[in-house]
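Below are two complexes that have chain A in common, paired first with chain B and then with chain C.
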Partner chain A sequence: MKALTSAEMKSFLKSLTGEYDVRAPVRLEDGTRALGHLDEGRLAIEGGPIARKPNDIFFPQFDVILNAKGNKFKVADSLQKPLFVIGFTAEDCECLEFVDKFYSENFRDEIYFAKRDKAVIAAVSGKCGKDGEMLKIAGGKCDLEFIYDGSKYIVCAYTLKGKKIEEKIKCEEKSAKIDELKKLSDSIHNEDLEILKKAGELIRKNAVPDDFWKEIANRCISCTACNIACPTCTCFDVCDHDRERVIERIRMWDSCQLDGFMREASGHNPLGEEYLRARRRIHHKLAADYERWGHITCFLCGRCDDVCPTNIGIKSVNREIVKRFG
Partner chain B sequence: MIKSKNEAIVSQNYVPTNCEILSITTLTPSEKLFKIKMPNGKELGHMPGQFVQVSIPGLTEAPISVASSPTRKGYFELAVRNAGTLTGALHKLDEGDYLGIRGPFGSCFDIEAMKGKNLLLISGGCGLAPMRSLIQYCEDNIDEFENVKILYGAKNPEQMLFKDEIRQWEESRHFNCLYTVDEIKSGDNYKGKVGLITKLIPPLNIDKNNTIAVIIGPPVMYKFVIAELMKKGINEEQIIVSLERYMRCGIGKCGHCVIEHKYCCIDGPVFWLKDVMELKGAL
Partner chain C sequence: MKRTLTTCPYCGTGCRFYLLTDDMGKVCGVEASTEHHISRGQLCIKGWNAYEFVNHPDRLTTPLIRKNGKLVPSYWQEAIDCVAKRLKEISEKYGSDSLMFFSSAKTTNEENFAMMKLARAVFRTNNIDHCARLCHSSTVAGLAASFGSGAMTNSISCMEKAKCILVIGSNTTEQHPLIGTRIINNVIENGCKLIVADSRAIRLSRFAEIHLRHKNGTDVALLNGIMNIIIKEGLEDKEFISERTENYEELKKTVEKYTPEIVSEITGLKEEEISEAARIFGESKPAMIVYAMGITQHTHGVDNVKSCANLAMLTGNLGVEGGGVNPLRGQNNVQGACDMGALPDVYSGYQKVTDEKVRKKFEKVWRVSPLPDKPGLTATEAISAAAEGKLKALYIMGENPILSDANQNHVRKAFGNLEFIVVQDIFPTSTTEFADVVLPACCYAEKDGTFTSTERGVQAVNKAANPPGNAMDDWKIFSEIAIRLGYNGLNYKSPSEILEEINSLTPSYAGITPKRIKKEFLQWPCPDENHPGTPILHKEKFARGRGKFHAVEFKPSAELPDEKWPLLLSTGRCYFHFHTGTMTRRSKLLDREERFPYVELHPDDAKKIGLADREYCLVSTRRGEIKAMARITDMVIPGIIFMPFHFFEGAANVLTNNALDPESKIPEFKVCAANIRKIEDEGINIC
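Here is the complex of A and B:
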């Protein structure tokens, strides 16, 4: 199998920059580990999920979607080169798969797919989590995967786009023990997954009363970090900016945790009470999306729990739901 | 879900089409009717119940229901209340000006299910605008429907929409039209009924086995009107509602119009009551 050491990985990624706009986890000057260009910081593939959702590359916090001169709008220019993005975890790949489905059904979102269609997604897994922790193997749902065995990244390509990249790698590793790594990955016990499923069932059975959501709302400071961090939160607002005789129509992330999220021009506000907003954040992923898409749309990436200043991320709330109503 | 006959497939789904304003009519102190034409003689291609996103560069967009029937060719109409920055700017436009239109979007009234039925068309306030699209459709295809009753409630005589047309509907042999206002003040030159719209329902003679009711109005109106209809033996499978929500994209992506698992902009705004009555926050 093809494989790369950490040093070879760096030069390999550099070799892709002629053809692709390469984004990889890098350590920025301020110490932050984030997706960036290779010249923005030291390559930092190891360390587990990056703090910011990686799929925001296709749906950034602020995205100019249209430009208007006078009355005439046209679609804003997209990327010049296709993206090559490395750094998705298995959970991130599941989130991306859902968001791709969300953006393609009913109306296909041309702004999203202008970036997404040509992009190559590379997952990172194996013994490269924080302090060498084993990260689950994605095994698909991405174009190719780099599985770290402790000394080398073993390459597994799943799509034609992934195979095209794999062909560029010359280094072989005959003793790659991919089966052992897969067994290790399969043996990762995820208690949160069982709790997520149980909490979902309870919410869908209406076993979680409004009083519970009122308690959660009392602990929420409406900072919106949960929505901002979540790879499957896709809500956006639209605003126009006047920039020297060119109007830019921008879409930017919005949060269902804000009072004005659903307020209508008439003043009617279907999410006007805090507990309804606290409920919506979790009900939507565990019950509403389950009804619409046939599955829960939280994939337990853990980011909302990591960022929530009051410990009411989705895993925490699920544990509380199961403990009290299960 | 009531599907539109013409599923709007727009190649560039966020780019508005510039459309010319043919005429502007003042309906009330806060509402104007814009008669608009698509470029190159095209039709909007909507069905009653659908909406468009109206755009002004610099002020983003707002969802507005189409107030005219697709049977009236060569133009479409939007009744717009001056309620915010964009609608305020719309009210300052003149005939011959252009505005951006995306759509039509959303579900429409289930015309096929209405054919051969008695119709009870109940609207309150601005709800008469989308209902007018359906009323005009019925007027132009009157042989397809049995008795058509129109009930309308406004806050006061000044805020009644389409007064001239209401008079025509009252006089038309095709319609049975009743209206009321919540309140009058001294000096109002008004001879009609006073009281909530729910008071118009009890005296009606309704064939409960062959009637479809349509309700469009302010959020507070629905549960009271539905309760009156149920007293008459009309059930949730015979009632259609059109729900107002804050729609930023119109194509099921922005998340602002979500009612549990339904997206008001693509699954609605027109729903059979049976499909939304159990959804928290729908009514």
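Here is the complex of A and C:
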């Protein structure tokens, strides 16, 4: 298997920039770690999940999806180069798999797939979490994976697009201790996952009373950060800007934590109470989506817990549910 | 995709985020800074949506000049010539003090300084002010009198260290969300004892040890009552009082008569509520006071602020981590606009215009002489002066006084009386409708400079995108006007050059250099380039030497409910909008959340009137009447109603009283007598 040192990784990513629009974790000017171009900051692949969800590349916060003038429509231009995105965690890959499914089942979101289909997704795993902790190996659900063994990134290609990238890597093939890393990955005890499953069971059997959700809602300031941060949140709103008779159709991320999310023209609002919105955020992923998709659509990336100003991200709420009602 | 680190353009908390710009150069998203000490990867609803208005089609893109009664597109040379010529003509005809300049708490420090310089050095008038007059001018006056410096005494991080927090007149989670959440977390995680004094049931009240729902306008009585109990029970900090304050005996004598019984009668609170609050605050250390416009926007706003200062000194909670008197500035750069001297009586750094030594310093650097030595008009006084015909021209940067100022009909009359009005803004507003010249300006995403947050921290604002059309930096516009009038002192090459001039003239900013702010968070006073900044003021001694107690007596509000106007109207902001809504009402998600003017009233009051929830009604005061949607809620107590002032369709300031605090000249936005009635026989209510 091929393996790259950190320095070799940097050189390799640079070598891809002629053919791909390369995005990688970088340290920005103030130390924020973000998915950006290589010239935006020092490469920072180690460190675990980046703060902002990586799949926003395909589904941006604000996206002009078409222009209309009279009877003529022009869809937004597709990317000049396909994307190469490195820095997905295993959890991010699971999220991406779900969102791909969401945007292709019943309808196919061509705006999304215009970028997504051509993109190469590279996961990062192994001993490269925060402070060197072990990150779970994705083992698929991406095009290729770079598994860090403490000194080198071992390359595992899973798809044809991934193999094409792997072929570009110029280094000696070496035997690697991939099995040991997989054992370490498999041995990660994910207490949060157990709590998530238990919380989902409790919610689905309606064991969590409204008063609990009212407590959560009291702490919610409707900043919408949980939805902004969540890689599996897919809701959006649409608005049109009239620029001298050229209509610019824009879609932007929406949030179920906002009163206007489900408010009807009459003013009637099925989610008109704060506690109902607080409940929906969790219920949707642990119960409603479970019924629809057969699985919970929270993959424990942890971002909503990081961005919540009052510490009511989904992990925190799940722990509280299990503690009080389990 | 490009990222530009900048500072949020909304409240004074000073959150930092990256603006995301697409390959076409359009701002298309926000990414919170994870490393900034305030943001920590978090933002409020307005911050997360702060990109959107930037690209709105309503942006002003070209100068407009009124010809034959209509604003028509023009070009910069014609517009600048017109402004310079007309202002000069009016100044020569009526005197320099017939001009007035409204600076902006939403533009940068450098631009506020430049407008201040334009007014003083070019037009030789001290008639410059800004909207701090409408929000925290009581703070500047009150805290300066008590402590010697009219600014937040502590830092936002102190919110997490206080053992007790008294929040009075601040809906913190809505107006300063990332400060409000710190308070919530301190309560939940650390057991901080929270006292909320607000007639409205704000979110923070759900976490309060005690929620004091006192009548609007009775804050002095409440605070004096709390101090009465503290002194009576021996909870005052005797050592602090003895060593660091003056005038204590006068305070003690005054508050002696504010017994729980008397205060209960005035405020509507139960006696035991007052006593309990006093014990909680008096027995906790460090204890902090947090306040906002709920106590400043009164005809006794300065007294309210002095009373807060009294309480903090009484309990020795100044100069300590987790303590302090902490006014929360409502706008991103209102602290900065004050600091830069966009006020009628001071230059930058609160250096008085009446001080000859100070004037000489500025005259030397600006190469003009003489500079005017008399304090100019405040913004509120200017409105009346215009109505009386004494003021002839008004130059407005980034403000919308037709919507933001009290008693709109009076403002409209005043503006109609002016010979010449210039409005420099990013969007057309209610005020541009009165303008003779409208100048398109850059917004925060299109300029470099600095903002100063409520905790006195100076932070960079960085350009992320080019402005639409021919919009220009505010400071460049001033430079062009000055050049037309033969003055080259505003010919800056960059905002950094302006900041360097500010450094040279302003002792408290001397160390806040362009080079340092790129890497450091600096809180003024920062007297030299090696100084680390000042997170906590008044540590060893007060800025004025000793803290001064003021013997403040309760005075009722200027206009109280009566038989004809039985309800008390209070006005303010809601979470989703910012001031006159110029930016937030052009953000899709924010505007969707609150789209119509509304009035909050208690179910008991609604029942008496016969109103249903969401029914449109007419709200009136002695000054006018507007239509609004009834929102029946126990957020308000019976007899008090609340309206946001963001909506031009139902402008709350048609109703408000322009009675002023005699010292700070702030209007009494929080109290006036009102009436609500049903709309009869008008068919379907469509706003």
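Quick note on the criterion: the second predicted complex is superposed on the first by the 318 of 326 C-alpha atoms of A that agree within 3 Å, B and C clash if a C-alpha of one lies under 4 Å from a C-alpha of the other, contacts with A are read in each partner's own complex, and residues count from 1 in each chain.
FYI, contacts are C-beta pairs under 8 Å (C-beta built on N, C-alpha and C of every residue); 3 or more make two chains touch, one makes a residue touch a chain.
Nothing here was measured: the structure is a model prediction, and the numbers come from that model.
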Clash or fit (per the criteria above) of chain B with chain C on chain A = fit
Examine A:I228 and indicate which partner it touches, taking first as chain B and second as chain C; both and neither are also allowed.
-> second
Between chain B (first) and chain C (second), which does A:H284 come into contact with in this model arrangement: first, second, both, or neither?
-> first
Which of the two partners, first being chain B and second being chain C, lies in contact with A:D254: first, second, both, or neither?
-> both
Touched partner set for A:D30, first chain B, second chain C, both or neither = second
Would you check which partner chain A:K164 touches, where first means chain B only, second means chain C only, and both and neither mean what they say?
-> neither
Regarding the shared-chain residue A:R204, is it in contact with chain B (first), chain C (second), both, or neither?
-> neither
If you stack the two complexes on chain A, which partner ends up touching A:N71: first (chain B), second (chain C), both, or neither?
-> first
Taking the CA centre of chain A as vertex, the centres of chain B and chain C subtend an angle, in steps of 10 degrees, of 80
Return first, second, both or neither, reflecting whether A:K10 touches chain B, chain C, both chains, or no partner chain.
-> neither
Touching A:C239 in the superposition: chain B (first), chain C (second), both, neither?
-> both
If you've got the overlay open, could you tell me the nearest Cα approach between chain B and chain C in whole angstrom?
-> 8
Residues of chain A that lie at the interface with chain B and also at the interface with chain C | 237, 239, 242, 254
Which positions of chain B touch chain A when the two form their complex?
-> 10, 12-16, 18, 55, 57-62, 81, 83-84, 87, 98, 100, 218-219, 244-246, 248-249, 251-261, 266, 281
Quick one: in the complex, what on chain A touches chain C?
-> 28-34, 36-37, 40, 51-52, 56, 60-64, 218-219, 221-225, 228, 237, 239, 241-243, 250, 252, 254-255, 258-260, 267, 306-311
What part of chain A is in contact with chain B in the complex they form?
-> 65-66, 68, 70-75, 102-103, 105-111, 234-240, 242, 247, 249, 251, 254, 256, 261-266, 268, 270-271, 276, 280, 283-284, 287-289, 291-292
Flag every residue of chain C that touches chain A in the complex, lowest number first.
-> 1-3, 5, 16, 18, 20, 26, 28-36, 41-45, 47-48, 51-52, 55-57, 173-174, 177-178, 180-181, 184-185, 188-189, 203, 206-207, 575, 588-589, 592-593, 614
